[in-house]
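Okay, so chain A shows up in both of these, paired with chain B first and chain C after.
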Partner chain A sequence: MRRPSLARFQRRLWPALLAALLAAVAFLWATPFLWTLVASFRPEGAGSAGMASLLPDTPQTLENFRNAFESGSFGLYYANTLIVVVGVLAVQCVTVSLAGYAFARLSFPGRDMLFYAFLLQLMLVPPALIVPNLRTVVDLGLYDTLPGVMAPYFASAFGTFLMRQTFLALPRDFEEAAAIDGAPWWAIIWYVLLPMAKPGLVAFAIVSVTAHWNEFLWPLMVINDPAKHTLTIGLAAFTRGAEGGKEWGVLAAGTLLVMAPLAVVFVAFQRRFVDSFVFSGVKG
Partner chain B sequence: MSMISRFGIGALALSMAALPLAAAAQTKIEFFFPVPVEGKLAREMTRLVKSYNGSQKDVEVTAVYTGGYDDTKLKAQAAAKAGRPPAVVLMSANFNVDLKLSGDIMSLEPMLRAEETTREAFLADFWPALHANAMVEGELYSVPFHNSTPLLYFNVAHFKEAGLDPTKPPRTWAELADAAKKLTKRDGDKVERYGFIMPAGYDYLGWLMEALTLSNGGRYFNEEYGGEVYYDTATMLGAARFLEDLIFKHKVMAQGVTEAGGVSTAFFAGKASMMLLSTGSLSFIRENMKMPYDVAFVPRNVRNAVPIGGASLVMFNGQSEDSKKAGWKFIKWLSSSETLGGWSRFTGYFAPRKSSYETAAMKEFIAKNPDAKVALDQLPFAKPWFATYQTVAVRKALEDEIQAMMNGKKKADQALRDAQKKADELMRPYVEQTSLKLP
Partner chain C sequence: MSLAGTTGILDEVERTPVAARPRRRRRVRLLPYALLAPSLLFLALFTYLPVVRVAIESLYDQPHGTGAGTTFVGLGNYAKVFADPAFRQAALNNLIYAVGTLLPTLALALAFAVAVQRSTRFSSVLRTVFFFPSLVPLVAAASLFFFIFLPGLGLLDYYLAKIGVEGPNWLGDSDVALWSVIGLTVWKNAGYYMLFYIAGLQNIPRDTIEAALIDGANAWQRLRYVILPALLPTTSFVVVIALINLLTSVDHIIVLTRGGPSNATNLLLYYIFQSAHENFEVGKAAAATLLSVAVLLAISLGSMRIMERGTHAKA
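So, the complex of A and B:
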């Protein structure tokens, strides 16, 4: 009599426990974000005494957002960041798919050696390249311009690697069929391979967009003109305090302003992002 | 190659330009500045530069915000190496030695000579404590812009509550430890309020360790020679042990590393009763502290002494003559008595010029804010800020070890031995080229 009910109870208990555990972990993980959200609406006076509290204060205020907005021309920063991110991605899509194709499908002497040499770039710490890159950018006449910010990223070792793996995972039958029908190499890439490699490209796009959206050091090095600042530099104007205190509310509001577009895009296309990561997994 | 062609073009331009024409043309220069406290300062600096551009026609300055102090150094040096040196940079006052040894910044002596003035005459109006950091190897390399010393901030309400007299803040380490014990509030094993707190993040910790070792009779570094620091010494050991005791023996200071932002926040929230913080934060504390507070000298063990902090204006090598002239003109305006006074009232840093304090605006300000006077009164006890070959790395060698000690992973004596070893290794190349280079 009691056993079946106990078993049923257990069957229900475990999923419930698991859900509770996951919720607890999710809460822990989301705490910084929650705090940012709460702090950004907290009036300035309370901002110092109760700044660590996760509970929203009454009354709420938009003052912090106004202060953050007044700290810089955010509209301009958004536009500049967008130009950099989209510009880099557009060029990268061409370079990484062509390079990935070359490493995956063409055979030429030294191909593998070249590929590994290419991958070695991933091992270099970016700050080590600042001076040489800056010198090149100055010589190209791109110092203090947005193309100067983008230039070093036009080729991407990670993207090339990802696209090579994606192409390798595709069966050759389709290309061979197209080749028999007389399609030239570029038509094969454009009409046959790229549509099938879309998940790989999307996965790469996410990585590239987040990385360049958040990048601080290199834009700081290249850009002098305040009208060409990107979001991260604008934000840094009130986060990098050396000797003073911090206005947590304004800081939180500024952080939200910077991350909002990315967060909105991610929530809107979450399903597709996750799918693309699942599908782009290299077959074992 | 590019250097040669640039010089070639410069010479060509000079020889072709008729002199009256060159004089009429506007010189455009770049001014790099970090934002040491918060965004408000960046806006104020931009406003200052705009008013300068509007006030005259010869020079147009672009104010470039360049991140924190370390970012600014990195950006200015990278730009100079890439052939685009900035004309004027507001640089952490202790980077001069390093920047001079790497050949990045230029001596300002030619500017003084062109104006037929002397270094002594130029520096006469600046507080004597600032002279050492303005010079490298006996020549003027920078002009002080805003300066600070550490200061003891304390919560007056907490003092009264703990039975301490807020008009007699601790003057010695013994009194400090005693007050901290009385101010610390415990609930069983849990500490609800700490008696003492200080920032221990990079940059700040090194500066405060200098304050403590100076107050203990020590020196931190060799003011005359860029290849020597005094980490493994009795005076530094006393300073480190004092901190270690406050944390682990008296338990009046939290274990671990708190950044400056967290320190002022704890002070505002009443979670800490006394803190060691820069005078540069005075305005910020004044605006945000809701409870009554006051400030006092940094307590001493052997003598009263504090290090200078802050930033000064430097000029980079590799500029054209026109750009140099324009940069110097701008520096003279930025470091004029009035500009410095206004900036000091806005930020809380003290003005490096004595004459700034003789203006009516400043007298009125100090009468209204007596805490600004304490910072000034401490000045006669100020010593130069440590500046060595590879300043940042040598400083971090100490900071890493002290942080390990504050986390309870190392004892003070071991930490200092390791810090000394690391610092010596870092300065080795310079030492080999100088004091160990024998005939």
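So, the complex of A and C:
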């Protein structure tokens, strides 16, 4: 009589232990974010000795956010980052749709070779080529401009590949009907294919926006004028500034400001984000 | 990825009476190239020509600010780069950083994936928690870890002190700094690769695992002899994208350590960044860039077959 109940106890114990362990690891994983949340609402008077505490203080304050906005001109950084992210995405949507269509639907000499030439960008990722690309940007007269930050990303091998796959999965009937009715190629892409390819475009948009919202090294090299700094450059300067002082709450608030928009969108569209990122592994 | 077997819609167009006119036909033939032209223009400017450009620049000496002209030095810049202790240190660090990050990242990614693959509410919360770090900018992660690693006051030392442990100077000690950076990178990336393992696990046929169960395989045997072999394509794929990532992101180095203390956290791309942006050694930066391009190509081409298999599996 005893043994079966012991076995049952064990059968229940192990999953419970595993769940507890998992919860502990998850808590550890979330600790940096928990600290950011707690510290960014912590009043300055709390003193730097208890700054690392994960327990929220009772009088919460928005003072740190106000300081971050004032001393770091985060409003400006938001605007610049938005310009870069939207500008890159807008041009990319055009280039990848056209190229994706050509690779998916047209046959022409040199197609395979050109396709592999595109895929080369997945290996020679832009960060590896910052030195020559900076010189190219200077030659083009785009140094210290936001278009200079965007230009290397206007062509996207990942986007082209993704749109090609999306187009290949679509039935041909609609476009053939449109072609028989005499619709030109651009009308077929714009009115027939793109509306059906929306999931592909959305997946690409998620990956592209995340990548360029988070980008740092390249804008750091191209931009000199503080009025054109993006969020990541602003945050890095901010971190260096906070080094000496007791401004940890302000730094936490600044970090939160940089992360928040993507985090909110992620929580709203979690499923789509995850799917897009799994596909984006192709991007490298 | 086979490109064969696609009959284009434009073939249909050519058969219609309108397309039969010679001028129209010509335009149809040029159309594919016209559609590719915008992409090819930017690929040429920022992917192909830069490689040619660094290849040429790496053969010349361009003294900065002396007013002297450029002189051909052959492989002189490469000799200079290889003789530079900072470069050797950066290359070695990058190797340690890559291997030291890759192994724990893969192990954690797989463990997380196995733990959260079921679609319960608890699992989905954990998935979000583990994935979240890969969504934030590397710079923001660095800012957070700047405070976590802060000697004495920081999160790590604060809580270690509570259990009576005195931590080292996480970023200031040259024996520890690189490992601290590795810790940050593992935290940042494990959740991202977890996604691929979750997808990979879902692709394993249920009967394979059930067959192993019926044969009396225990959890470890199922993992070792059924699940891991089935995940091999996923693993190879993740290794390649992880290696490319580990060679091409240094945002956290710029924010946290600037390669220090005494080059202990200098990585290849940071060395290139420094040579070009801070020391204005064009030839040296070009030579180092070409070397890292060669490494990237070797990694990618070496695994090309695996990558193709990976995309096939997903398509």
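Assume the second predicted complex is superposed on the first by the 210 of 284 C-alpha atoms of A that agree within 3 Å, B and C clash if a C-alpha of one lies under 4 Å from a C-alpha of the other, contacts with A are read in each partner's own complex, and residues count from 1 in each chain.
The definition used in the following text is that a contact is a pair of C-beta atoms (placed from the backbone, for glycine too) under 8 Å apart; a residue touches a chain by one contact, two chains touch by 3 or more.
Because the structure is predicted, anything quoted here is derived from the model rather than measured.
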item: First (chain B), second (chain C), both or neither touched by A:Tyr101; value: second
item: Which of chain B and chain C A:Ala236 touches, first, second, both or neither; value: both
item: Chain A residues touched by each partner, larger count belonging to chain B or chain C; value: C
item: Which of chain B and chain C A:Ala16 touches, first, second, both or neither; value: neither
item: Which of chain B and chain C A:Tyr143 touches, first, second, both or neither; value: first
item: Chain B versus chain C as contact partner of A:Phe154, first or second or both or neither; value: second
item: Partner chain in contact with A:Ala227 - chain B first, chain C second, else both or neither; value: neither
item: Touching partner for A:Trp185 - first (chain B), second (chain C), both, neither; value: second
item: Which superposed partner A:Glu176 touches (first chain B, second chain C, both, neither); value: second
item: First, second, both or neither for A:Arg135, with chain B first and chain C second; value: both
item: Residues on chain A lying within both footprints (that of chain B and that of chain C); value: 48-49, 51-52, 130-131, 134-135, 216-217, 220-221, 236, 238, 240, 243, 248
item: Touching residues (chain side chain B, partner chain A) in the complex; value: 2, 30, 34-39, 42-43, 46, 62-69, 71, 74-75, 78-79, 81-84, 148, 203-204, 260-261, 264-265, 268-270, 278, 280-281, 284-285, 288-290, 309
item: Complex contact set, residues of chain C against chain A; value: 3, 6-13, 16, 18, 29, 31-33, 35-36, 38-43, 45-51, 53-54, 57, 115-116, 122, 125-148, 153-155, 157-159, 187, 191-192, 195-196, 199, 237-238, 240-241, 244-245, 247-251, 254-255, 269, 272-273, 276-277, 285-286, 289, 292-293, 296-297, 299-301, 311, 314-315
item: Touching residues on chain A, where the partner in the complex is chain B; value: 45, 48-52, 71-72, 130-131, 134-135, 137-139, 143, 216-217, 220-221, 224-226, 229, 233, 236-238, 240-248, 250
item: For the chain A and chain C complex, residues of the former touching the latter; value: 18-19, 22-23, 26, 29-33, 35-36, 48-49, 51-54, 94-96, 98-99, 101-108, 111-112, 114-115, 117-118, 120-136, 151-152, 154-157, 160, 165, 168, 172, 175-176, 179-180, 182, 185, 188, 210, 213-217, 220-221, 231-232, 235-236, 238-240, 243, 248, 251-252, 254-255, 258-259, 262-263, 266-267, 270, 273-274, 277-279, 281-284
